[in-house]
Amino acid sequence: MNELQFFVAASAIFFAIGVYGLLSKRNAVRILFSVEIIINAASLNIAAFARYMPYNLGNAQSIAIFVIALAAAEAAAGLALIIEAFRLRGSVDVEEMDELKG
Amino acid sequence: MFGPGQGLYWFIVFALLALISGLLFLIIPFFLAPRRRSAIKEDTFEAGQLPPGAKRIRFALQYYAYLLLFLLFDVTIMFLFVWAYSFFGEGRYGFAYPLALIAVLLPPLIYAVKLSKIKEMW
Amino acid sequence: MTETPRGDFFKTFRIVVTIVFLASTALLLYMLYGPAMSVISYFLRDPQAFLVDPLFMVLIFPGLTYAGLVAYLAIWGERKFAAKVQNRVGPLYAGALPGGILQNIADLVKILFKEVIIPRDSDKPIFILAPVFAFIVGSLPVVLVPYSPTYVILDFPVGLILFFVFTAFYPLVLLLAGWSSNNKFSFIGSLRALYQQASYEIPLFLSALAPVMLAGSLRLVDIGSAQGSVWFILVAPISAIVFFTSILAELEKYPFDIPEADSELVAGWLTEYSGVPYLLYQFGAYIKMVAYASLFTVLFLGGWAGFAFLAPEWWMVIKVAIVVTIVISTRAFFPRIRMDQLLSAGWTKLIPLALLSLASLVVLQMLGLLAFLR
Amino acid sequence: MTRLDYLLAIAILAFTSLMALLALESKSLVYGAVSLSGFFLGLSLFFFELGLLYLGVFQLLVYVGAVSVLILFAVMVIGHTPRKPTVGRFGGLGFLGGLFIALAAVFAGLAMLFSFLDLAVDTILQSLIYIGPVVVLLAFAVLFRGEPRGRSSYRFEAFGVLGAFLIFGSFLGALSYLGSLSVFSGDVTFSMADVAQSLLGQYGLLMVVLGLLLASAAFGAVALAKKEKEEK
């Protein structure tokens, strides 16, 4: 096996773990964790390809950095939403957030 | 990447030393110090009073905005570090981008600081 | 005084800690075996060469022994100095001529024999391990600071940011410590500390941009070497002042010791800690202070630049000693300020000042006055 | 990569995937948040291993230094599930440690075997190496989960495992294709100038737009977190 394969497989493992969490958890905080894991897996993928395919390392790092910054913004907004939901109903279970159900 | 000639090797040695000395200090009192447990001693310490009410309390979120600002500035300053690194490159990249970044950050800063001063808002 | 049954927890915990301890000791011995052998083989022929060996650096000079020694002297000096200012005597009996200089060793022995009280309702794994992490996190930055181009353990291309990374771990540790104590005072104290650290990290980073701009590098050795002709404190004085103030806030030193305000919050986030864990926190904090003082010296005070009659490392040591003295003397001089004042001062005064300093550097560069640095 | 580098990378992989699973599966949310910061740390170790130092430092400062703190803070605000006896959780940790060591041993053994024999391993065998840990870890995740289960919970579990397998299965094809490529495995030297050139030169405008996005996210978050006037 070559090195690129190893790192891409690592990123795939993280991605799969993230998808598992996203599908099976009902706690909003855990869902946020899963999203973070998925985003991190993506940035690892970018980094691995940049290192082992002869591309511009600077560009690859910038793109991964943008991914990270985006995820930071997402975490800030998501946490504020979760705290607000907790204030309104005293629970962060996404199954119970069904006010909009017809 | 990894060998006795490199700094990283010695970094790991240093970290291990710190870990070992910390754990050593943690282990020593198991042998030296007495351990006589009692209910009052292990109760929560609240300056001599009996702790009233629940142990964990809900607290006001008054300065939460500062934490959000911290996250925002953290990311931006990492960009500014790159700009500062290339500052002496004959002004190749100019001052437009950092100026724009800082200008973009100012409104949320003012908003958050203003809000955090009013206790009733939280 | 009823005896409560000893839980299974401590048995398991002691086993786990011992296993980790033995494993890391074995790894350390394995890693040190080769270098130590080579040192022994050449030491008799050439003792001078040992002084620039990495083993020497890690164990003695910029590493553990030196940092621990400076931290020790700083603790003693802080007590003695504050006592003198407040017309007390301070440490007196242990140790002969300077007066009580062995007091800390006496205290260490006392603390080792003290009972470690673990509150019943605390979250025990985090409660016990948090001080160890605080100690590690506090002592890791020492690795990165160069004492001269040869005396540096880890010469990292983005060393300045890595230094900030290590100090940025600290809020995580103290939040966990305050939470796991399960005490109202602890948690309020740790929240205060968190807000304070988060608020003052930003001016710290912003003011550290000035040396990076002037030296054109993020490698600490390069930044220090760039100050051979002129120290950066002369070029960017505002940045230096902001940096020093933020250091005081990060270290929870006296005008900013709100997290541990002993007259309001018992001991802040350290309320439930006693004995050895408390010692680990305090010692980690003082080693962190040494690291910050050396970073301030490298960034603004010219690093190892000095006259030729002393080796560059000695100049660095002298400057660090001066900076540490200034830091600990604040305890005697300043009152404590209020939480909201502190936070809004960080965001509304220090950040604009740091940005102003950067703007002044840009203007100087545009006028062509910074050409002498190149 | 040398053999030592391989072992290091495998250890990091085991650590990081363990942390990711613990973040999702640990009983208390605070422990989950701490494990999540461990996951971020492990990922930055991957970046350092790849030689992308600035990216690794960025990851550490933003994720471990800021995002983790924010998440931990929010989790502590929300409160936590009622405490379980510590013995059970610690027993779980012991089991986890055993699993971790076993996994690391399996990984290390396989890696040593391949690097010693230097065989042209066939693709199915490689895929097995990749699938193995995921199967083990996911089985563990299903067997030992902390959150109280509702009646419909097992259905979600099943969905989760199925989804993870589908995703990973779709990666496998790509993985076996990557095995046939010839990659550039020489040394790369990190240079800050590269990053500066691309971040300020090529993507400068994008950086400012990202700043705008971050600022608006902070605006929104502050506005959400503050109390409405009417609710006392």
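Read from first to last, the chains carry the letters A, B, C and D; within each, the first residue is number 1.
In this text, a contact is a pair of C-beta atoms (placed from the backbone, for glycine too) under 8 Å apart; a residue touches a chain by one contact, two chains touch by 3 or more.
From a predicted model like this one, the values you see are computed outputs, not experimental measurements.
Peer 1: If you tally contacting C-beta pairs, which comes out ahead, B-D or A-D? Let me know.
Peer 2: Pair with more contacting C-beta pairs, A-D versus B-D: A-D.
Peer 1: Would you mind pulling out the distance in Å between where the CA atoms of subunit A average out and where those of subunit D do?
Peer 2: Distance between chain centres: 9 Å.
Peer 1: Just how far, in Å, is the C-alpha centre of subunit D from the one of subunit B?
Peer 2: Result: the chain centres lie 21 Å from each other.
Peer 1: Quick one: subunit A and subunit C, Cα centre-to-centre, how many Å?
Peer 2: 34
Peer 1: Need the CA-centroid distance for the pair subunit A / subunit B, whole Å please.
Peer 2: Spacing between the chain centres: roughly 22 Å.
Peer 1: What are the residues of subunit A that contact at least two other chains?
Peer 2: Within subunit A, the residues that touch at least two other chains are 65, 68-69, 72, 75-76, 80, 83.
Peer 1: Indicate the residues of subunit D shared as contacts by at least two other chains.
Peer 2: 51, 54, 58, 61-62, 65-67, 69-70, 73, 77, 190, 192-193, 195-197, 199, 207, 214, 217-218, 221-222, 225
Peer 1: Which residues does subunit B have that touch at least 2 chains other than itself?
Peer 2: 56, 59, 61, 67-72, 74-75, 78, 85-86, 89, 112
Peer 1: With touch defined as at the top, which chains are paired up in contact here?
Peer 2: All chain pairs meeting the touch criterion are A-B, A-D, B-C, B-D, C-D.
Peer 1: Okay, in this complex, where on subunit D does subunit C touch?
Peer 2: 30, 34, 37, 53-54, 57, 60-61, 64-66, 68-69, 72-73, 76, 86-87, 90-91, 93-94, 97, 190, 192
Peer 1: Quick check on the complex: what are the subunit C residues that touch subunit D?
Peer 2: The contact residues of subunit C facing subunit D are 7-9, 12-13, 16, 123-126, 156-158, 161-162, 164-165, 168-169, 171-172, 175-176, 179, 187, 194, 198, 217-218.
Peer 1: Note which residues of subunit A are touching subunit B in the complex, please.
Peer 2: Per the touch definition, subunit A meets subunit B at residues 65, 68-69, 72, 75-76, 80, 83.
Peer 1: Along subunit B, where are the residues that touch subunit A in the complex?
Peer 2: 61, 68, 71-72, 74-75, 78
Peer 1: What part of subunit B is in contact with subunit C in the complex they form?
Peer 2: Checking each residue of subunit B against subunit C gives 4, 7-30, 32-47, 51, 55-57, 59, 63, 66-67, 69-70, 73-74, 77-78, 80-81, 84-89, 91, 95, 102, 109, 112-113, 116-117.
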